[in-house]
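Structure in structure tokens, see below.
All chains are identified by letter, namely A, B, C and D, in their written order; residue positions are counted from 1 within each chain.
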Amino acid sequence: MAIEARDIVRGDAKEEVPGVRVKETQDQGVVVTEVEIYEEAAEKLMGKPRGHYVTLDVPTFKDRDPDLKRALMAKLTDQLKELLPEDIQGSVLVVGLGNWNATPDALGPRVVERILVTRHLGQVVPDDIKQRMRPVAAVAPGVLGTTGIETLDIIRGIVSEAKPDLVIAIDALAARNLDRLLGSVQIADTGIHPGSGVGNRRQGLTEESLGVPVIAIGVCTVVQSISIAQEAIHQIANQLADDVAFYDILKQMAPTEQRGLIDEVLGSRFSELMVTPKEIDMLIDDMADVLGEALNRALQPRLDASEWA
Amino acid sequence: MAIEARDIVRGDAKEEVPGVRVKETQDQGVVVTEVEIYEEAAEKLMGKPRGHYVTLDVPTFKDRDPDLKRALMAKLTDQLKELLPEDIQGSVLVVGLGNWNATPDALGPRVVERILVTRHLGQVVPDDIKQRMRPVAAVAPGVLGTTGIETLDIIRGIVSEAKPDLVIAIDALAARNLDRLLGSVQIADTGIHPGSGVGNRRQGLTEESLGVPVIAIGVCTVVQSISIAQEAIHQIANQLADDVAFYDILKQMAPTEQRGLIDEVLGSRFSELMVTPKEIDMLIDDMADVLGEALNRALQPRLDASEWA
Amino acid sequence: MAIEARDIVRGDAKEEVPGVRVKETQDQGVVVTEVEIYEEAAEKLMGKPRGHYVTLDVPTFKDRDPDLKRALMAKLTDQLKELLPEDIQGSVLVVGLGNWNATPDALGPRVVERILVTRHLGQVVPDDIKQRMRPVAAVAPGVLGTTGIETLDIIRGIVSEAKPDLVIAIDALAARNLDRLLGSVQIADTGIHPGSGVGNRRQGLTEESLGVPVIAIGVCTVVQSISIAQEAIHQIANQLADDVAFYDILKQMAPTEQRGLIDEVLGSRFSELMVTPKEIDMLIDDMADVLGEALNRALQPRLDASEWA
Amino acid sequence: MAIEARDIVRGDAKEEVPGVRVKETQDQGVVVTEVEIYEEAAEKLMGKPRGHYVTLDVPTFKDRDPDLKRALMAKLTDQLKELLPEDIQGSVLVVGLGNWNATPDALGPRVVERILVTRHLGQVVPDDIKQRMRPVAAVAPGVLGTTGIETLDIIRGIVSEAKPDLVIAIDALAARNLDRLLGSVQIADTGIHPGSGVGNRRQGLTEESLGVPVIAIGVCTVVQSISIAQEAIHQIANQLADDVAFYDILKQMAPTEQRGLIDEVLGSRFSELMVTPKEIDMLIDDMADVLGEALNRALQPRLDASEWA
């Protein structure tokens, strides 16, 4: 996530990374951080392409508080509306990445199930409704199982036929920070770049590769186990701090050096593991509810919720 | 089905329809009828494009006799091998039409599940196997659910990206004749044309629309209820024939006139109904076994069955 | 269905079958027929055990009119409330018979998915809600797949452990009459008796076998193909009536004789077929919506719909 | 797992825990450890009931080597055959605990899918086969979803109806030791006791509760995240050992004290997390293949594999 990249790059420094603008607000338990990467140098430093990244953090989402769920949904709707063209004539293709069978990776397909699909209704609905309805299509290619074809080739093929004006891609991400696990939604106007995601998406899903703008929505559904290890060591050392030289050694290391040490010692053993909440299945559904409703509201500003629910 | 069209066109005439060549053989309980439509006039008369149609009939497939299943599989393998290029370097995309949820329409997706998908294995398998392995991909776009995009647009998109040398499309058909219900497989080198199929596929899946040759495999999984009605009337009348004028009236009518009368009287009431065997679920699985194995054998002539089972 | 048995037994007679009381009302497009079988002789004549049968008919349910859907739901709620004990302390087990994979048989499991399950919430919900909440459990044993154990043995086992005060069993039925196909709901306080249902349930699901009262809810989701044949012959003959002796023969036969003739001529050929609407999948979902909501309302009269939706 | 309990209890001691007998053998990459707990005192010390526990460890199962898979399957078959009565007349119920939707918990249901179910075939198969066939039933009650009834009550109900002579229960376990994650199968003749398992099974599944002997097969499909933390700290400290006092502190602690410290510091934060391999979905299928085939072979010693595959 862009926000994590920025935290790592900035480290303990008080100043912002050059070429990066950050704005943080907080309301009703949702922390909204907007990160703007606007210079080429910053791009390299952050390891993320230039663009606008918004992260909505709700660290206690796992407690399943309905009010927080609603608050996150409302903020998300607002953020999406800002990124979407006001004109509802343009058609949108919602793509749920990830695969059906592995729960942490199933977020995308589950959001797709909740999307109000309207693109094929043109001839059927009354004119009155038709004029207020944005044409929306939605696919979850990962549910096709083993096809022998890259998921992203399938998407590219569908985009070339369905010719949407905009693609919104939903993906499950791996976070470094435990607090972001199923408590953090990132929206970026840059699309999805190689190497992100739980599974191996391999190719990018971007305006360059698809020919239309791509908004990416990412939710952390797993944490790398190495992050767990790092946090464990940090906290234990902290606890024993006063009389233990160990902490001094760690303290003298920059976070990236610390990570390097841990990677070296534990990497080969931990790299194939992932950490998820025990209630992952229910939490993925909660999050799919939030994303599905926010997307429907943002995509169909001129329909009333009662018209689709 | 081409064979039904020909039976209707030919009616009680002893002669073949002009521009159509028919060859029928029978072996181990499987009746193989090859219909060649080779003239434009015949095309119109038959309501089917020029091409090669092979129908394999096993009227007692519903009895679930393992020997018959094997015999059908073997004949099917032979017929497919004749249509496939000998060179196994060319890649093939198997497309299972139809949708997951409606049993009679689920044949395509169930066959796709059984296909040995190899297209993505290029880098992984040893050279020895790789040289004997045809690249095969397989998709069942109907399982994507409501997408707002025509299934056939999705296929066209996938074809344009995956660039197969040949497409094999599997579809569930509606038969007129009760004997063909889950006892008849049709292979055609003409692709799939509008109006066929259980659901409404609307567009064609042909070399013209996809840019590569399309082999269509169709299996009758439903019968129109009007066909049931027609057969019922015919047989009852037959039974009462000797002393009943009713039969005389029907007898004086051509089959198409008979059908017209029945359509007129029952059409609006029966047109929304379909007839399936009670054991449809098991029979669809049996047929998917047969098609899946025949396809794997025909597609991978140089692999041993033990290498994929 | 009891109503069909009564129609057959009564035939063209103007009088009611002795030992049977029938009351018919109509409101908002829903025809409600209450059949009371109260004498042993009537039991035999009707081929149905003594008890109270209510049939709600909506012949045009297949047109998917939302108002009719709502009207049927409301009437159903009323009828169920009359059969349920007012005291909400007693627990109820909802059983969805039928199996997942065969669409016409999937009604029961789909209704179960929509039931507000509360039996396990005792410790969790606030006292205020708890006092207004009837303990409801719900199972669909057919989704277990091939177990080697009779579905009804599984239910009996679950009943002996969960000890509900009442069982409500939902089943898909085969109708004789085309008008009842997905347009007719039957509620009976007699449980389910051998031989009913689409699949082969074999054993009864009754107060005798389970030890608690059983309310059966049945919906016709298929029609026997022989019924289609009968209707076809009847209507065609009718059409040709004036000048055709055939009609006279049929007219002189009682309906059961007619059926007998048709059975004899077509039976072996048609008996393994079933007739369903083409849109069976959507219609089963519509009906599951209606039954699910009616059951939730009837079972939880003291909860507000907003508390569970 | 019993083997983990024993390792903890024994600690660094060279002697075996009193009242516990342990035998370890190794063959073809599979380490077989038989733990016999035979005294009441040992029962308390180990926190496990008296009985026979066999653990088959294949630490590299995650590498998906077909030879190792076969070796594990063969050893498992042998161990199961020793526990099963030789007489194949006695019927067996295989119970797959765990739920469908959460991958690490789906092992039980996936094994059940692979079991050769024969209990209902009595009337159907020829006498010759019947005499060589043990009646086997199989259920996976977790796939029923939210029923409001405890899974184990459902099993008890089914057992009371189906009256098997033996129950074999398959469950997913949480391991402490990372090496056991999807590389360890435990067979116990003691049934399943409260507190085991990934989900909360709450009640025991034992001869006392079911009235018939229960063989439990457990596979570690998740590791507690606290175990990851412990291992991380241990290994990092080890690495820094020479010049760091931290290690001395940890070294002076007994393993249970170490664990206590870690629990205290990280417990509330880590307790809701679980650790799984990234390829969990494929690995669960691999393991289900192994268990399914071993069970079929052990349960049907007089059938040939070709008769069911």
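Couple of notes before you dig in:
One rule holds in what follows: contacts are C-beta pairs under 8 Å (C-beta built on N, C-alpha and C of every residue); 3 or more make two chains touch, one makes a residue touch a chain.
Here's who's who by UniProt: A, B, C, D = Germination protease.
Everything quoted here is computed from the prediction, not taken from an experiment.
The distance from the centre of chain A (Germination protease) to the centre of chain C (Germination protease), each centre being the mean of the chain's C-alpha atoms, comes to 47 Å. Distance from the chain B (Germination protease) centre to the chain C (Germination protease) centre is 36 Å, each centre being the mean of its Cα atoms. Averaging Cα coordinates per chain places chain C (Germination protease) and chain D (Germination protease) 44 Å apart.
Residues of chain A (Germination protease) found to touch two or more other chains are absent.
In terms of inter-chain touching, the protein chains here make up one closed cycle, each touching precisely two others. The complete set of chain-chain contacts reads A-B, A-D, B-C, C-D.
Within the complex, the chain D (Germination protease) residues that touch chain A (Germination protease) are 62, 101-103, 178, 181, 198, 223, 225, 228-233, 235-237, 239-240, 243-247, 249, 261-262, 265-266, 269-270, 272-281. By the touch criterion stated above, chain C (Germination protease) contacts chain D (Germination protease) in their complex at residues 113, 117-121, 135-141, 143-150, 153-154, 156-162.
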